[in-house]
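Paired with subunit B in one complex and with subunit C in the other, subunit A is shared by the two complexes that follow.
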Partner chain A sequence: MSAATRATIGLILIAAILASLPLWTGAANLRLVGEILSYMALAVLWNLLAGYAGLVSVGQQAFLGLGGYTLFICTIWLGMPPLAAVPLAAVAACLAGVIFAPLLFRLEGAYFAVGTWVAAETVALIFAAIPSLGAGAGMSLPAAAVKGIASSRSMREWLIYWIMLGLALAILGGTFALIRSKAGLALMALRDNPTAAGSVGVDIWWTRFWTYIGVAAATGAVGSVIFLQKLRISPDAGFSLNDWTAIVIFIVVIGGIGRIEGAIVGTLLYFLLREMLIDYGTIYLIVLGLVGILVMIFSRGGVWGLVERHLGWSLLPTRRLRD
Partner chain B sequence: MVLVDAVVQGVLLGGLYALFAAGLSLVFGVMRLVNIAHGDFIVLGAYIALMVVSLTGLHPFLSLVLVVPLMGLIGYALQRLVLERTMGADVLPPLLVTFGCAVIIQNALLALFSTDAQRLSAGPIETASLPVGSISLGVLPLITFGVAVALIAGLEVVFFRSRAGRAFRATSDDAETAEAMGVDTRHVFALAMALSFAVIAVAAVLLAARSNFDPFAGPARLLYGFEAVIIGGLGNLWGTLAGGIVLGVAQTLGAQVSPSFQILAGHLVFFLILALRPRGLFPRMD
Partner chain C sequence: MAEPILSVDGLSSGYGDFQALFGVSLDLAPKSILGLVGSNGAGKSTLFKAILGLLPRAREMVRFQGQPIGDVPTRRLAQIGIVMVPEGRRLFRSLSVEENLVLAAEHGRKGAWTVQRVFELFPILGEKRRQGATSLSGGQQQMVAIGRALVANPEVILFDEISLGLAPIVVNDVYAALPEINASGISAIVVEQDVDRVRRLAHQLVCLNEGRVVLSGPAGDFTKAQLTAAYFGE
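Right after this comes the complex of A and B.
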């Protein structure tokens, strides 16, 4: 049995356990696991962007909020069922990515990061200026639309949880498959040495473009489901740098950047840390920042990098070894 | 007349943005590093000035005698103790480390000073103005603009006429060769960071005397400074001043349309310049 087969079987097993969760746990746990899944998905996506394609974005909240708003606009203005709006949220975020990418890619290395932040602020300000979207106050999903998701409250929570689970697994599986494909080879070459990758025929600009808009689309979809669960959106919540990008960055850095497992391990560590420090308010963000800095200075591969080096484990093997 | 007034106020505002931008541009020029926490260090400088003023009773402008060296020291130490270990071909580590600094500064200031808006009281100068024709020019914005021009002129002299400036330029062009010629590049990088932080201190006091600030006021200052750098053109400090002016005018004109359009207008002009002149208005002649 190859390592990839084992990884697939392991994933299916975990997916089955997670899918059965609503049957044997309460609403609070379900919401927590749903949140963990959403952060895992965001971490896997940001890792693909920064860890592989070398696009360090601090503006992913643009796509997340756009996805959330698209869902609300589609259900309230167009009368669509909320679930049908999820793919449209991905399309809207993807289009925003198509508009921003050619502009932002003109910015050199580190300035790209600040550029993505300006882009996110721009999108947030536009939404905050539209009165029919509730301007700065935001808007709620009308009761009729909420009832349209599912008849009972618990059924609705289950459904939203399953959608988040499906989305997170699709993002994880899709990223894994992408990294193992030929395009993934280009991405890994880009990660290890952009100049060398360019010289052996990797089209850096287009590889980055497809990664950027693909990640934007998936982030938009995740955003739509997050706000479907919250039932309410505002510019501050939808386009929050702290919630949707800063925390995700720390998750990936602490878990191990440039490794899919790093994003997963980082997410679990983050929620462990959060549950432990939740009573200390601002201290927990300071701790998170400090740990992130220490990891970047002393162990750039993060926690999973250490595990890999000392134990030789690899849960989702993406390395190509000759048999 | 309203428009002329808006443009003039925008030009003066541009001086402040050029001050935000100068430190950012300097560090990027010497070591290709973008300090994501730049704006948060400006706010930190404002809080330090606030403490110095309340402890010593000095006028905010005089407090610079203490705040500038203090911030310079912080900058030097930050580079030697933290950022130096992240330097290399990969842009990711310094970016993420300064991003971590930003989050730490914001939350530490929040824990120490709460979210209450603070302000440095500069006395009657705050509201003084000079009538010119039918418009009136605020004395504080005029001083800010004058300081920006003087500081940029001073930085140009340091950069192109001094021994330290020669080391800056040599290290910027080729750090390895500079090192081989006997330049202590790590010291040079730290000096550049210290100089950037000295500029931050000046920007901080002028910002704090002009408007309210709170622990989360930093990111917006970073973005304005960054936009001024890109609009003006990389590597050109006078261009950065021009970029700050373009941004300031865009914002004050935007505010004429609607208050909620002020910041957005600045961002849109930034993207417009990026689309039409990706190297900025006045790129350095190479």
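Right after this comes the complex of A and C.
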């Protein structure tokens, strides 16, 4: 059995366990697992962007909030069923990416990072200035639309959980397939050495462009499901730098940037820390900060980098599979 | 001489305010090897970077098959047929030997040089095709870098100090491939510190000193003493 087959079987097994979760656990656990899945998806996406394409964006909240708002607009103004609005949220976020990319790609390194943040703040300010979207206060999904998802409350929670699970697995699987594809070779080369990648003929601009708008679309879809679960959105919540980018960067950095496994392990570590320490208030934040600092000083490749170096493990064999 | 495949004409360039090249001109004849010599800081690597567009140059300063290419961006040069084997090799560390070659083959031109033929030229690379490229010895890494240039099926390869940091016996192994590469119709400019080696290998010689051409002509025309004098700027 090849490594790829083993990885596939393992993934299917984990997916089956996760899919059956609503049948044997309560609503609170379900919500927590749903949140873990959403952060895992966001971490995998940000890792693809920063760890592979070299685009250190701190403005992903722009796409997440746009996705959320698109869902609410489609549902409330156009009367669409909320679930049908999820793909449209991806399209809206993708379009925003298409508009941002030519402007932001003129900036390098730290300037690019600041540029993405400015772009995200601009989008947030625009949404906060539209009265029909509730301006700064935001808006709620009307009761009729909520009932439209599923009749009972528990059925609705299950459905939203399954959609998040499907989306997270699709993002994980899609990223894995991308990195193992021929385009993935170019992405990895770009990560290793942009100048040399350019010299062998990799088109850096377009490689980055497709990655950027693809990640934007997926981030928008994740955002729409997150706010479908919350049933309410406001500019502060939808375009939160802290919730949708800072935490995600923390996860990727402690897990191991430039590795898919790093994003997964980082997510699990983050939630473990959070669930253990959330009652301690400031101590929780101090511990998070310390963990981040220690990882950056002692293991630049994150926790997964350590595992790989000392144990030679690779959960998802993205390397050397070509026959 | 037949029309040069690559010619540099009055090339001046540098890093910001620092000018490193002053009106450098040279012609590379089709299917030939040109040896570029000069001491450290003479401007050899700078000349390569300027030809490839990694440093500023004007449109008319570089010509390829008679056409000005001084305004062609770096990433397009592999497609028109100019590639470099860079100093320090610059392999992709998270890709295997084979993946390094496959990537270059996909983004370059199609032709006689395939990944398989590179494995025939350097059999050791075929044996280690699945290994991480940077886990190989220095000489083998240099072979990967040369292979990466070959699979793009270029007309011209710029070799930048491929002997740097290698044991003398390994240097011989690496250089042994050059006649076969040349025989397949590829022209080359070879930067090399070892003047004797260049004299044996190259058809033409150009010597740079402090950013200017101080000597240029058929390799057989110069005595070692003349070359040494030019090399040290005497």
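Worth a mention:
Please note the rule applied: the second predicted complex is superposed on the first by the 317 of 323 C-alpha atoms of A that agree within 3 Å, B and C clash if a C-alpha of one lies under 4 Å from a C-alpha of the other, contacts with A are read in each partner's own complex, and residues count from 1 in each chain.
Everything below uses one rule, namely that a contact is a pair of C-beta atoms (placed from the backbone, for glycine too) under 8 Å apart; a residue touches a chain by one contact, two chains touch by 3 or more.
As the structure is a computational prediction, the values presented were derived from the model and not from experiment.
Shared-chain residue A:Ala197: touches subunit C; no touch with subunit B. Once the two complexes are overlaid on the shared chain, A:Ala186 sits against subunit C while remaining clear of subunit B.
Of the two partner chains placed by superposition, A:Ala19 touches none, neither subunit B nor subunit C. With both structures placed on the common chain, the touch criterion links A:Gly109 to subunit B but leaves subunit C unconnected.
Looking at subunit A, you'll find no residue that touches subunit B in one structure and subunit C in the other.
Contact residues of subunit C toward subunit A in the complex are 52, 54, 74-79, 83-84, 86, 90-96, 98-99, 102-104, 106-108, 130, 132, 148, 152. By the touch criterion given at the top, residues 50, 54, 56, 58, 103, 106-111, 113-115, 117-119, 121-122, 125-126, 128-129, 135, 241-242, 246, 249-250, 253, 257, 281-283, 285-286, 288-290, 292-293, 296-297, 300 of subunit A touch subunit B in their complex. Residues 28, 32-34, 36, 82, 85-86, 91-97, 99-101, 103-104, 106-108, 110-111, 219, 222-223, 226-227, 229-230, 234, 258, 260-261, 263-264, 267-268, 270-271, 274-275, 278 of subunit B are the ones that touch subunit A when the two sit in their complex.
Within the complex, the subunit A residues that touch subunit C are 182, 185-186, 188-189, 191-193, 195-204, 258, 319-320, 322.
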